[in-house]
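Both complexes shown next keep chain A, but they swap its partner, so chain B is in the first and chain C is in the second.
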Partner chain A sequence: MSELINLISANAAMAKTEYAIIITLAAGLVLFVIPDRARTFKGITALTVAVAAAILTAGLYSSGPQRFIPELWNAGKYLSLRIDNLSTLILFFVSLFSVLILLYSIVYLKGRIIKNFYSWFLLTLGCSYGAAVADNLLLFLTFWGILGLTLYKLIEAKNEESSATAKKSLILIGASDSIMIIGIAILWRLSGTLNMSEIQISTGSPLTAVAFLALLAGSFTKAGAFPFHTWVPDYAMNAPAVSSAYLPASLDKLLGIYFLARILNGMFITGEWLTLLLLILGVSTIITAVMMALIQHDYKKLLGYHAVSQVGYMVLGMSLGSVIGVAAGLFHMINHALYKSGLFLSAGAIEFRTGKSQIDDLGGLSRTMPVTFAAALVFAMSISGIPPLNGFASKWMIYQAIIDFGSGAGLANKLWVVWLGLAVLGSALTLASFIKFIGGVFLGRRRNELDKVKEVPALMWIPLSLLALTCIAFGVFATKVVVPGLFMPVTGTFAFTGFWNSGLVSLLVIVSILAGALIYLATGIKKFRTSDSFIGGEKFHEQTAYPTPEFYKTFGEFRFLSAMYRKANEKWFDIYDLSRQAVLWFSHKLSLGHTGILSGYIIWVLAGLAILLLIMI
Partner chain B sequence: MAVYLFYFLVFPGLIFAAVTGAFLSWFDRKITARVQFRKGPPLLQPFYDFFKLLLVKETILPKQGSPFIFLAAPVFALFGATMSAVFILLPLFNIKSGFSGDLLVIFYLLTIPSFSYVAGSLASGNPLASVGGSREMKLIISYEMTFLLVIAGVIMKSSQNFDLYSVISAQQVSSPFIGSISGVLLFIVAVFCIQAKLGLVPFDMAEAETEINSGAFIEYSGVPYALIKLTKYIMFLALPAFLTGLLLNGFNLHGINILWAVLKLTGVVLLLTLIRNTNPRLKIKQAVSFFMIWMNLIAVIAIVLAYFGY
Partner chain C sequence: MNPLIPLLVAVPLAGAFLIMILGKFVKDINKYIATLTLMFLVAATLVLMAGTGSDVAVYRLGGWDNINGIPIGIYMVSDGLSGIVLCIINVVGLLSVIYSFTYISRYTSENNYYALFCLMVAGMNGVVLSGDLFNIFVFLEIAAISSYALVAFGVGRTELEATFKYQILGGLASLIILFGIGFIYWRTKTLNMADIREVMGSETGKPLYLLVQMLLLCGFGLKAAVIPFHAWLPDAHSSAPSPISAMLSGVLIKAVGIYVLIRLFFNMFIISNETAVLITTLGTLSMVFGVFLAIGQWDIKRLLAYHSISQMGYVVMSAGMGMILLSKGIKPEVAALAVAGALFHLINHAAFKSLLFLNAGAIEYRTGTRDLKEMGGLAALMPATSSTSLVASMSISGIPPFNGFFSKLIIIIAAIMAKFYLLAVIAVLVSIITLASFLKFQRYAFYNREAANNGNNIREVPFPMVLSMVLLTLFCILLSLIAIPQVRDVVLTPAVNVLIDPHLYTSPILGM
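What follows is the complex of A and B.
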């Protein structure tokens, strides 16, 4: 009897998964046919489909681990799917972000030209579902690869720069996918299977280490970790805010870190040196990206660098190997997706109303766009790790995991102070660059040309406020509800080694706010006089203002840092430009052989033939 | 619930910490006056200052910028200071109630006041306040990692425990952490971090009365400024008390030992006061390299020494 129930539930889960994938993909394809003039209709259709898929995937939640091979495709071993607590977690949040961002995009996309946005959006959704449940590595790679293509199509080709960015993203993601194929081939050779759930090998030998690194490259490029991160900031700057919020900020993080969790906690048993390497890459991601974020003037690019920097924390948590570390990494991944997609949507709202992309041109929007401001403030405080918000909770867990890790014996364990110190420095620098964002865009003096700016329509601020409320809730209920409810089923239970009463402290925050309001009311807030700033008796001129983008110039004055910044601006550290230069150099060398003289070509052909013969013999 | 509210609002939170902190700040001012051959203020001067601002002085809001954040920032700063004071003082008085925060929580709570000052200064729309806010933020970046390294050194010395209860009890069982070379180095670094966190000379470039008219606080007056004063009093207790717990084996509240506890606390405050009276204000760039290079270096040396058991 129980077997029968199992079978039925397994079939139900299978059906739900398949339908979720199929309806989104099919709807995406159908929407190609409908002309873009009916954009609102397409948007509403896409939203309906996404909601239906979300309901289907939410129904999968807590259905227990299971593997199945869909019968209707009848293609046997290549189409094996797997559902466990990790993949249902990913599915759930993929659905959540898709619905919220679609809701936002219906108004936002008015007056923009992205061909077939909703089709590509739904294809992305379907492929993300597919990647999160695929067990066979080739099937996984197929879905994963299509995501690179949709990323390319979701950017609007408005000028040369955005086309170059789209190309850069496609090439970097595509290259990493082909590196992954090498890894998968080695895995198949070593273990004789392509199912993720059946592979478990240690990284002792060089060959397995190569396979591990190849798959790691794929995961790092998708999630945007050092040194494969360089597409993210460019993409964030040039793509419309909805695309940035959708792919680099949420879905790519979810999937990239999902795959990292799979390879670290199932497919490979990592040794000490690989752990050390991962930790070094993690802290490098945090510090390099946030240092670049400090000097940005374009607020979307600033957010893009933070979309990279935060990945470092996830990599740190994941690579520690402890249960709490993995849970912390996953928690940070979800938190990051929440506040970063929120930040991109806020940036979209600012851009929608003002049409400006530089922080220097903005300022004082807090009065005219109060909801956007409140939401952006919550996101900024979350990402900077201000207690009691969610970003603090997950960082606190990561720090704990690092301190626990420090009691081990290996070299990486001995260096725990380095990982902890740099992670905290990254957090302080994040705070600094968000002071710049919030201060520069929302606080300070408002320019006269911004006087007519209004709050965005409700369809845009509703998703924003929902994300902000989720951020707050995830922070307030972190230790009691969220971590035990969402992440312990995935990783297994563990006890916190530190003390953090998030609920009680949040209550005291509310008490403080009420007390503060009471004090202001009791002392007569009505009587408070308003007056213009006192600047030592001088008159205020535009050029005497001290705008926030100038805040951190001091750091650029240090010789070492200014040299690094100069090199970074010359793209010395961009793996894309480096490899492009290498390829160009190489092809230039090859072109030297093209002399245009017939006898020369004949010699080349004969030489090639001879080499071929030698190899075949 | 009521007991937690009591902890937060009365003892050892808001009222206790503010009153004690106010007395400590009187002590600081009195010593400063003696150093400068002045008579110094009466004992209740900090309270006169606070109540004058709260009840008598007019509150002026900035015309530009965001009045809401301008008013909310002092409240949030006060929350951060009070909360960290509670989490620091509960272990020091050895009150175990299940309501506590570990060192990392305290560390993050202690940044809330500085962060709020920056937010408040930006909300005022005054360029001088922006200068102050920018300096405050750069100062935070500089000392944050140094301060964490001190805490990491302490965690290392108490064998990877990172709650203040076990740090204190580890010291009370054996000897205070300051009784070793690494402990002394950590103490020196921590004193400078606290100096910067309190915004005292030589690290008062964010306020710099003589240069940018109190910078970050230039637009504050009346009630919100009273709240900032209160926050500063609380921080004046919380940070020296934190140092006492981290390296000077905390308080022991039996008989004559109470005197020792008071002496330790006032000793730390005296040290801070003397540093601030014998040094000129640094430029922000000098402060950045002071922490980023020299203090970090000393802290790392201390940690390496601690690892080898010195």
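What follows is the complex of A and C.
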């Protein structure tokens, strides 16, 4: 009897997964046919499909781990799918983000033209589902690779900058996908199977280490980790906010870290040196990206650098190898997707109303856009790791995991203080740069031309508030509900070592805020001294007003840092530009040989023949 | 004795004559005759393919049977490999003719154009169906000479210069090939490829055997534009009218170059390990140098032409890997995979490269330029061209789910399975640079600036051109299905079997 139930539920799960993938892909293709003039109709259709798919995927939560090969495509081993707790987690959040962002996009997109946005959006969704449930590596790679193309099409390449960004993003993503083929082929040769669930291989030999690194490159590029991260800030700056919120901020992170989890906790048994390498890459990601974020003036690019920096924490958590580390990494991944897509949507709201992209041109929007401000404040505090919000909860778990890790014997374990110190430093710098973002955009003195700015329409602020509420809820209920409910099924149970109870902390925070409010009301402080910013005793003028980012110039003026920043601005650290220079140099050298003179070419042919003969005979 | 086999050569020859004669009297009949001819060829190829399946069909011209197992007379052979190449030739040929309806009406003397086109197709079909070396040479010359004339069709300064270089180098290649054939005939007293394998089988490793191999490798390598014999290709392929560029890059270099190389070195010669390594090296060099030369180009058609060199490098390299494994006699299943990857990529390249040349032609048709720096923002003005060229670009760069991804995947996997790790890495790097250069093409042609910066009169190209492009786009998507094992068994496996087991090829011909 129980077998029968298993069979039925297995079939139901299979059907749900297949339907979710098929309806999104099919709807995406159908929407290509409908002209873009009916954009709202397309948006609503897409939303309906996404909601249906979300319901289907949410229904998988109860089905339990299983593997299956869909019968409907009778193509045997290449199409095997797997559903386990990790993939249901990813599926659920992929659905959540796509629904919220679609809701937001219906109004947001009215002003902008991205051809076939909803088609590409749904194709992205379907392929993300596919990548999250594919067990066969080639099937996985196919879905995974299509995401690069949709990323490329979700940016409106109408001027030089944005088209250059689109090109750069797809080159980096496509390059990493091609590199992954090597890893997959090596795995196939060594283990004789392509199913992720059946591969378990030690990274002892050079060949397996190469396979590991090749797959790692794919995961890192998708998630945007050092040194393959350079497309993320550019994309964030030039793409519409919905696209940045959708791919680099949420779905690419979910899938990149999902695949990292699969690599680290299933397919490979990593040795000590690779753990060390991963940890170094993790902290480099945190520090380099946050340093770059500090000096940005464009708020979307600032967010883009943070979308890189936060990946470092996930990589740190994942590479520790302990249960709590993996759970912390996954938790941080979800949290990051929540607040970072929220931040991008807030940025989109600001841009929607003001049309400006520089922090220097903004200021004082908190009055006129109160909901956006409140939501953005929550997101900013979350990403900076302020208790009791969710960003703090996951970072705290990562710190705990690092401290635990320190008790091990290896070299990487011995250096735990370094990892911990740099992670905390990164968190502090994140806070610093988000003070700039909040201060520069929402606080301070409002410019005259911004007087007419209004709050965004409800369809845009509702998703924002939902994301903000989720951020708060995930922080407040972290230790009691969220981690045991969502992440322990994936990783296995563990105990929280440090003293921290999110509910209690939240209570204390609320109590202290209430106490403050009480004091404020009871003592009747009604008189404020309002004054302009202190600018060295000078009278405040519009012309002399310092925009907030100016305060951060100091960072760029330390001797060592200024040199680094200069090099960074000259693209010395961008793997894309470095390789581009090299390729074009070589190309130029080669083309010098092609003079167009016929006798030269004839000599080539005869010389070629002579060499062939000399070699062979 | 399937009568369709000689008809595949005779009908386009007849078509060419009819066009020249009837075209004088009846206006516009030229394009109808050409279309009908090509339609017949496509249908005949499909029927032939379905009829032969995995067998090898032999047509003895004039009914001259073997005597004591020695073939006399002219034999035409149709097997899995020639079926694939015939499909490529005739399908791309048909679509190019349809594309030419409006494209070529800008030129004068359309009769000559369509007649030469049919002649070229007849030549290529002949090469693919010939069972003996000398007929390959004759048909090769038919195809080559008509292509010399077609490259020069614009009769401008660049076209004439390009065709001059093409003729000189092509003539050199023909000379070298004829020289090689002469040696073989002197030695073996036969020209039938299957028979040559039997007769010369005892002479492997002798200098003459190697000399002949190298002469034919050089001659057909030049036709296939393998580095260092590639110099004619960028000029010729970029100067020809675009449908002809599509035929040259998408079909001609395969039919008279790659196909013959594969046929000779798998089925006629008993190949030694050194030769196999040499062929693989040449393929790898083409792959690498071709792509590096391509990425620096700003003329669309030159960029595409250099990519043909690079992509043919993939095919040659992959076939070469198969040869190395076969010559060592190890891992036959990996050798089969490598050969299958090569053939799959050959088919795919025909689809996406002809499409890309048709796209380039459409852009040139409307904007009058081939320089990427002078274009931009065409995506909004020419949506069909833009989206079809996106598919083609993604295919050639190996982005899923398009066909190029799967063939490159098979090639790279075969390289890893055969432990040629370096080749796998090179293939990946070349694929990345290919992606970069096609994104450059996409960016500068279709995006990069506002559409309004172009003139007012730029709009989508006429229907026949769009139709050809859309059909080729469908091929780019549908050919991915060959990656599925069941489909692969039907399409690729007969050809692969013939190549890795030469007995399948020789025994029906020799009647053993």
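Criterion: the second predicted complex is superposed on the first by the 580 of 617 C-alpha atoms of A that agree within 3 Å, B and C clash if a C-alpha of one lies under 4 Å from a C-alpha of the other, contacts with A are read in each partner's own complex, and residues count from 1 in each chain.
What we mean here is this: a residue touches a chain if its C-beta (ideal position, glycine included) is under 8 Å from a C-beta of that chain, and two chains touch if they have at least 3 such contacts.
Just so we're clear, the structure is a prediction, and the values are computed from it rather than from any experiment.
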Report task. Tell me which partner A:396 touches in the superposition: chain B (first), chain C (second), both or neither. Result -> first
Query - Partner chain(s) touched by A:421 [first = chain B, second = chain C, both, neither] - result: first
Query raised in the report: Taking the superposition as given, does A:159 touch the first partner, chain B, the second, chain C, both, or neither?
Result: second
Query raised in the report: Is A:145 touching the first partner chain B, the second partner chain C, both, or neither of them?
Result: second
Query raised in the report: Which partner, once the models are overlaid, touches more of chain A's residues, chain C or chain B?
Result: B
Query raised in the report: If you stack the two complexes on chain A, which partner ends up touching A:435: first (chain B), second (chain C), both, or neither?
Result: first
Requested in this report: Pick one for A:444: touches chain B only (first), chain C only (second), both, or neither.
Outcome: first
**Report entry** Touched partner set for A:601, first chain B, second chain C, both or neither
**Finding:** second
Requested in this report: Can you check the complex and tell me which residues of chain C touch chain A?
Outcome: 164-165, 168-169, 172-173, 176, 207, 210-211, 213-215, 217-218, 222, 228-229, 231-232, 234-235, 274-275, 278, 289, 292-293, 295-296, 377, 379, 394, 397-401, 405, 408-409, 412-413, 415-417, 424-425, 428, 431-433, 435-436, 439-440, 442-443, 447-450, 484-486
Report task. Could you please specify the touching residues of chain A with respect to chain B in the complex? Result -> 364, 366-367, 373, 384-387, 392, 396, 399-400, 403-404, 406-407, 414, 417, 420-422, 424-425, 427-429, 431-432, 435, 438-439, 442-446, 497-501, 504-505, 508-509, 511-513, 515-517, 519-520, 523, 527-536, 540, 544-548, 550-552, 554-555, 557-558
**Report entry** Complex contacts: residues of chain A adjacent to chain C
**Finding:** 74-76, 78, 115, 138, 141-143, 145-146, 148-149, 157-160, 162-164, 166-167, 170-171, 174-175, 177-179, 181-182, 184-186, 188-189, 580, 583-584, 586-588, 590-591, 594, 596, 598, 600-602, 604-605, 607-609, 612-613, 615-617
Query raised in the report: Where on chain B is chain A touching in the complex?
Result: 4-5, 8-9, 54-55, 58-69, 71-72, 74-76, 78-79, 82-83, 99-102, 104-105, 107-109, 111-112, 115, 118-119, 122-131, 133-134, 137-138, 140-141, 144-145, 148-149, 152, 155-156, 159-160, 162-163, 213, 218-219, 222-223, 227, 284-285, 288-289, 303, 307
